[in-house]
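For reference, the structure discussed in these notes is given below.
Labels for the chains are A, B, C and D, by order of writing; each one numbers its residues from 1.
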Amino acid sequence: MENVNSYLIVSAILFSIGTIGVLTRKNAIVIFMCVELMLNAVNLTFVALSRHLGNLDGQIFVFFVMTVAAAEAAVGLALMIAFYNNKESIDVEDVNIMKW
Amino acid sequence: MSNHLLSLTTFLPILGVLLLLFIPKDSKGVLRGVALTVTVVTFLVSLPILTGFQTNADFQFTENVPWIAAGPFAMRYNVGIDGISLWLVILTTFIMPLAVLSTWTAVEEKVKEYMICLLLLETGMLGAFISLDLFLFYIFWEVMLIPMYFIIGIWGGKNKIYAAVKFFIYTMVGSLLMLVALIFLYFKGLEAGFTNFGLVQFFDLRLDPATQTWLFLAFALAFAIKVPMFPLHTWLPDAHTEAPTAGSVILAAIMLKMGTYGYVRFALPLFPDAAHRFTPLIATLAVIGIIYAALVAMVQEDVKKLVAYSSVAHLGFVMLGIFAFNTQGITGGMLQMLNHGVSTGALFLIVGFIYERRHTRLITDFGGLSKQMPIFATVFMIVTLSSIGLPGTNGFVGEFLVLVGSFESELRWWTVIASSGVILSAVYMLWMFQRVMFGELDNPKNQKLADLNAREIAIMVPLIALIFIMGVYPNPFIEKMDPAIQKLIARTKPVGQTAQQMPAMQGLPAGHPAMSGSAATSVEQAVPAVANPNEVK
Amino acid sequence: MFDNVWLIPLFPFIGFLINGLLGKKIKNETVIGGIGAFAVLCSFIVSCMTILNLLSLPGEERVANVKLFTWITSGHFNADIAFLIDPLSCVMIMIVTGVGFLIHLYSIGYMHGEEGFYRFFAYLNLFMFSMLLLVLGNNLLLMFVGWEGVGLCSYLLIGYYFHKKSAGDAGKKAFVMNRVGDFGFLLGVFTLFWYMGQNHNIWTIQFTELAANSHLLPTGGVVTVITLCFFVGATGKSAQIPLYTWLPDAMEGPTPVSALIHAATMVTAGVYMIGRMNYLFIRSPETLMVIAVVGACTALFAATIGTAQNDIKRVLAYSTVSQLGYMFLAMGSGAFAAGIFHLMTHAFFKACLFLGSGAVIHSMHHALHHAHSHDDAQDMRNMGGLRSKMPLTFLTFLLATIAISGIPGFSGFFSKDEILWQAFSNPHHGQLNYLLWGMGAVAAGLTAFYMFRLVFMTFFGECRITPKAKDHLHESPMVIVIPLIVLAALSVVGGYIGLPKVIGELFGGIPNYFEHYLEPVFRLSEEYMAQHAALGAEHHSATLEWGLMGLSVLIALFGIGVAFTMYVMNTELPKRFVATFPALHRAVYNKWYIDELYDYLFVNPCKALGRFLWKGFDVVVVDGAVNGVANVVMAFSGVFRFLQSGYIYNYAWSMAFGVVVILGYYVFK
Amino acid sequence: METLFFLIITLVAIVSAILVTTCKNPINSALALVMTFFCLATYYVMLDAPFMAAVQVMVYAGAIMVLIVFTIMLLNIRVDASKKHSHKVVLGSIIGFFTLVNTAFIVIKGHVASPNGPLTGEMIRQQGHTELIGREMFTNFLLPFEITSILLLVAIVGAVILAKKKI
């Protein structure tokens, strides 16, 4: 088994890549996928630390994260469809109504 | 039952709101009917308060139960009325059915929400008049703000948003300062060993002059905005012009009284020394308000705005009377509050009537209506005369007492100037009346106007009856409020005078310099003569 | 004994209620007019009973307060609804109800066929009610109720033809001018109430109590202030300089209104008020002088304007102003009884004159109407030669004119001469007396001139309307003529109850009944004057009085002579006169441009100020500050608002950035 | 051997993650993401958490990815029309880089606490990972577990309402 630090580093790298994706992409679905990537990076941290500390709580947490991710996927994609129905686009640059 | 009469009166409109919630929003007739019934029932319920009121200086119909226990200090549901608030409560319950009736046909959209707002407003106003707990008062004070905001902002005229926001922010600025002062009083109360926000005990808390000054200023500003006093009056014309008729009526007849009532009930007895110190300032502003508003009213082109400015002038009289600090002045001020409620309320109703018919309020659009609408002309004439204070109508009694009272006090020269407002009021009201009612009926749109219908006559008859009753036989009104006013005057004597006049006023809980800062127990010992059921032991 | 006195104002009030509320339904003019007149008749009968009761008492006891109920009590301020019966109020109610009844009767005929007939009678009855309150009220406040009440009725009745702008304007002007006076009145009440209370602990506004305590008041000083305030009130109500301009305009109202309100009763309220509080006024020589001077000036000034007017009612209006000036001259000379006496005689002959002119106008109006002419029915230039067409009207009118001109033997002579004599001989004004007398005498001459000018232009010469219209001229119905006859009779004989002392002595010591009757009212003043005899009352001989009397009669006759020359003998003279002095004529014709001056001095500045305060101060300064604060906040938020672009990725950016920074801070700190 | 395996997996994971963010076509991104998910599942196995690995594959690679791909196909968007990336690539990369630096710094500088729980590889192999998770889930974490069911219910309702054109 590898040192826990290796996992954490991998997780950090994945997280950063996900961040870059979220910040630079315009396609909402891709952004959404990048968010999933970030979530997964965090999950990896949880599992690695859980294993390292010998405590199952982290993995339970990962389970909940997955649940939330599933819910998020359902609602988020529904939102995108709704938005697409309105604007014929899922480009985030077309979403600018979140202001007063 | 009678123990809870005040609460019943206050919260009946809330019950009405609950009832309204279960009525579908399309059945407008039912909604209006229910709202009217609720307000009428509230009025009927409030009548036993009037008949059961004992003519003395005590707070009556008191209820005092714990409400929010926050640490060493408790907010209590502490209500009761004395002669000062009695008439205002009755005025409120009296005006509300008329207000509901006034927009019977004018408001067609969102009737349900409209009626709910009106009823909530009634609860807020009644609550503010009966609160004897500072915190409770503040709550009700804010509660009435919100429905009014919606009434102006949703059912108002062209410029409603501006007016509503202006109204809201103006009032809010003042009430926030009042809140700060309240919190300060809380700490002062803690020091003095009080356990709650009960108003009466605070009367005996003679604060040092510097503290009084600041607290008085905070309270005075909040109330001055509400009155409104010059130069904080500019929200009023806008709010009045934009509000629907019922909104204007309630605003003029009741809500403006909140400011003057606040002075009488809170600002003066809580901070008597500061009040005396600021008397010249406030009297000056009041007198400026009287003359200024009259002059501005004279050149208005919009009837409703004219009436709004006349409100400012009338309330200037009220303020002048209150700050005379003598019986006639304060009695006159209180009467003038009621008078203003009746006659300016009626004026707004009248403006509403013609607005409903012609959808314009510009004076130049009218002329010669007397010919077409004789009943309307008569009613309008009577109300106009009441507004300019013709003897025999209610306006005169209040105005005269105010002027007599302030003439006797140190405000003699102020009174002289204020009296000239009597001339100006005649000028602007009669000029407006002439331009609207007299002359040739030359505008073709005016030639088919219908005279008042039964509903409108039914609204005006009680008001006109009151105008004459209060003008010819005002004594019952004065008698009921007199003991409370005497007590107030005794309380507001400046410290120096109080010490000298103490023997003459045994039994009155006048503040004594020795009391300031002392513990609550000693305060209570100092006032054994007044069996005050309100005092929280 | 005077328990029924409250009925006096009650009857007209009932009449007002019936006519006002039900008049529209009744429709029948006879019934409406009958109700109105009958109500006043009832009051008149009760008034007669009251005065008989009063006369049955010995002189000292002729005062009674009849309280109905307490009106306002607050602190030490107390005002009752209560009536004061004394010789002064009795004579006033007699005049008011008596003349009032006749005018009601007259109105039934005069107002026949007018739209809003019921309204007219309702207002008229309301006026009677207010006027009776004014004269009967036993305290200042109740008097003020009547005082304002009559002002209101005057407003309503002047604006009776409300569709005419001029009528509305005139009504408003009357009301506002009266309000200016009321302002003074109120200040007087305040000062008096406060002064007596503060210094002597007598908090009262009741006349009898004030009278009883009047010895506490000083001479001059605060009393001058108080009385001057009251006098301002009087100038407003009684149309004296400087507040007289409303009265001529008030002629926009129907003629009976002019007769009742603007000649016989309401406008004399100021005189009555001074008489009622004579004990105050006598204590202030300064005020007396002001009153006398204002009175004399008004008498003269209004008389000059009266000479150049062509509207029959306007001439009479200026005549009224002028006669009121006489009354004030009397009051200012301390001759209160003489003032009240002139008030009474003036009520008779001026009511008669107005009603007579009303009859003429009525007739002219009909004639012109039938002839489809649009000439002004009130313009004397259209009249002439009516003597033969309306003989009864002419006769009564002539009698009243003789009375007002001060021809011996008629009522006006006695009262006016008494005033002139008092102005000459009173102990108050020293050398000023001669000037006052002179002004009064000249005014008397002018009065005779313009009144006879009026008579000559109207009733003599050739009729100047079209012949077609002329055929329609005819005498008025009896209901109009009877009041004229009664009033004319009164204006002939009314003076004999107040014969001047010298004349009375001539006829075997007939006393001046009227003065004697009013003595209890003015006793306090008499006593005060007796105490202050040091003021130096010169004793004037009877010969001097005779001489002055003769002089004033000569002046009056001269005025008549001039009128006769100019308007009967040589009708070209007036035109030549106008051609010679065009500027003078224009100034007089335009009432010395006083209205324009007031507009320029008060009305326009007030409007301009109001407009400035509204547009300049309210909107710019106050709202500017308020909106300015709001705008500053908006500007700041406008800056921060760029952060809230609405793009999600911007939010994501800022979030990521924040996370990095905060994390970085903790990591690298 | 294990280290090599770890490195290979890491390489694949990172490359596919980069692909996720860079591919023009969302479908390609999605496929790359699936690849990453599988790598993560591999990690879980290496971390003695086979149940998590299974759930990872089922939920992520299965359910969520299917959802995403469905959406992509439903909306029929192939390529980003104008520019693939927004103009903030550089800035975004910098921020990403700093994120990485931060986290890496924490990982390297900080030291992980020594094991304190009862869980060892031995124990997992003896009792079975699934059973351990299950026991934990239905005892200590019962309430949160039940709450997730409500969350899912809400998500279902929300998704249905949002995606419907007319309710």
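Convention: a residue touches a chain if its C-beta (ideal position, glycine included) is under 8 Å from a C-beta of that chain, and two chains touch if they have at least 3 such contacts.
Please read these numbers as outputs of a predicted model, since none were measured by experiment.
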- Decide which interface, B-C or C-D, involves more C-beta pairs in contact, and give its chain pair. B-C
- Message: Please tell me the distance, in whole Å, between the geometric centres of chain C and chain D computed from their C-alpha atoms.
- Response: 100
- Message: Can you compute the centre-to-centre distance for chain A and chain B, using the mean CA position of each chain? Integer Å is fine.
- Response: 60
- Message: Taking the mean of the CA coordinates per chain, how far is chain B from chain C in Å?
- Response: 39
- Task: Could you give the separation in Å between the centres of chain B and chain D, each centre being the mean of its C-alpha atoms?
- Result: 65
- Shared interface positions of chain C, touching two or more other chains: 649, 653, 656
- If you look at chain A, which of its residues touch at least two other chains? 19, 23, 26, 93
- In graph terms, nodes being chains and edges touches, is this line, ring, star, complete or other? other
- Note on the structure: Each pair of chains that touches is included here, namely A-C, A-D, B-C, C-D
- Within the complex, chain D is touched by chain C residues 649, 653, 656-657, 659-660, 663-664, 667-668
- Message: Give the list of chain A residues in touch with chain D in this complex.
- Response: 1-2, 4-21, 23-27, 29-30, 32-34, 36-37, 40, 43-44, 47-57, 59-60, 62-64, 66-75, 77-82, 84-85, 90-91, 93
- Note on the structure: Seen from chain D, its contact residues with chain A in the complex are 2-3, 6, 10, 13-14, 17-18, 20-21, 23, 26, 29-30, 33, 36-37, 40, 43-44, 46-49, 51-52, 55-56, 59-60, 63-64, 67-68, 71-72, 74-75, 77, 80-81, 83-86, 88-89, 91-93, 95-97, 99-100, 103-104, 107-108, 112-113, 115-121, 132-133, 136-137, 141, 144, 148, 151-152, 154-156, 158-163, 165
- Query: Inside the complex, what are the residues of chain A that reach chain C?
  - Reply: 19, 22-23, 26, 31, 92-93, 95-100
- Task: State the interface residues of chain C toward chain B in the complex, per the touch definition above.
- Result: 24, 69-77, 141, 144-145, 147-149, 152, 155, 159, 162-165, 167-169, 171-172, 175-176, 179-180, 182-183, 186-187, 189-191, 193-194, 197-198, 606-607, 609-611, 613-614, 617-618, 621-623, 626, 630
